[in-house]
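Input: structures, listed below.
The same chain A turns up in both complexes below, where it pairs with chain B and then with chain C.
Let's look at the complex of A and B:
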């Protein structure tokens, strides 16, 4: 399992993040390390840099980690979380510019076949208007 | 000017204005700016003894890190970056010239973090003219520059952040981030001018 790129789902809502993760699990299976997080540090809607860093840690793979986000703050906080990782990990975590649910499923599908981080990201980003 | 007074004044000013910031954000954003800033600065004030014991530059770095970890919205990394980077760029010597240079360095980092620039209805629309006034040594002009700059975001159309989803409908509202930046600038001036 650690041979595949990991996927992290970051939403303002824990329910959205968990739901998207459920869909990935059902559609793609267990071959991909998968974690989700959502909600601000008080448990309201928002995102938490610490929770994102913890999620990256849970799915860590030597091949890297792809993050799927919903709206603005989730992206900014994910980029902040990446910068706060140890130097040797920073270059192996990317935020995908893709819709969160579809992007997570597509990224995980690609990752489950052993694709590289770059391939995983490109597959997810094919969903976004060019 | 003590570090403690500076941080207390900035923090309590933002907490006092949390409802106003939230109202501004409800008009064009997701309505959490006041709540988020209050959460962040309550966490800063809760840690005040430890933060205020540090030299100013180290204290600012600590304030920034607390905002990053506690805020939970985009304003956390943005204001966290602002405070941290001012702290990183500021040496032991605090003069208008060193502050101007540090704020300029921090503005560049905020631009990168938010993928934004002036004229896009953001906090940068206040920070950039304020930095210019500090750099020009025109300290008496800073308060007016900040107020004018915040007011100037009203007719702007948002390009970045949640407000950009509204397109033309973002026109006619002051940007909440510009307003919170103005509040920070005013509270710092109150301390510097001995009015806090």
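Let's look at the complex of A and C:
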């Protein structure tokens, strides 16, 4: 699959992340690589750098990967995960400043048409108050 | 002076989908619009305001309710095909059979 930008959904709650991913699959379809992660290994709320890196790996696309996050740690851990990627991948992964559910659906819709990473991010971020 | 290639093609179709142009129909319309090279604009009235039919954020923000007549305007090599396909999608009720 794909010449399309991949989407990663990172929430503190695995249920939120999975639910958002489900909405993307049902509303947009499966032409966009999509992965989610959320929760800590003990089954509580949280995010982990390693699972974010694994999720990026699962959806890796030459066109890049857009990450949608919920609160605080989801964002900082995603940024840390990007920093730990191999050099040639770092510049092709971005965290979108957008609401997690709406942003994921908008980003995936844009990505499904073959848009660039920058276009995908801008579409997701169009939702946020300027 | 008129130039046929630069004159946008128009089409209008009554949308009867129960919930109007909500999330799923918006995604379908935008995705279909993106498959064409033509630039495609969408409005709820012939007088506009016109929005980019390939912009999911703008299409969804339009919140067109049931029984709205959707107006399409397209220009580019495949403009006619694009309009035909978009009108057909709306007429098929966005493939969401009841």
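FYI, the second predicted complex is superposed on the first by the 129 of 130 C-alpha atoms of A that agree within 3 Å, B and C clash if a C-alpha of one lies under 4 Å from a C-alpha of the other, contacts with A are read in each partner's own complex, and residues count from 1 in each chain.
By our rule, contacts are C-beta pairs under 8 Å (C-beta built on N, C-alpha and C of every residue); 3 or more make two chains touch, one makes a residue touch a chain.
Fair warning: this is a prediction, and the values are worked out from it, not measured in the lab.
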Side-by-side fit of chain B and chain C on chain A, or clash: fit
Which of chain B and chain C A:126 touches, first, second, both or neither: second
Which of chain B and chain C A:109 touches, first, second, both or neither: second
Partner chain in contact with A:61 - chain B first, chain C second, else both or neither: neither
First, second, both or neither for A:72, with chain B first and chain C second: first
Touching partner for A:4 - first (chain B), second (chain C), both, neither: neither
More chain A residues in contact - chain B or chain C: B
Shortest CA-CA distance between chain B and chain C [superposed frame, angstrom]: 26
Residues of chain A at both interfaces, chain B in one complex, chain C in the other: none
Chain A contact footprint on chain C (complex, rising order): 23-24, 27, 30-31, 34-35, 54-57, 60
Interfacial residue positions of chain B with respect to chain A in the complex: 30, 32, 35-36, 39, 68-78, 80-81, 113-114, 161-162
Residue numbers on chain A that touch chain C, as the complex places them: 27-29, 105-106, 109-110, 112-114, 123, 126-127
Interface residues, chain A side, partner chain B - complex: 39-42, 44-50, 71-73, 76-77, 79-80, 84
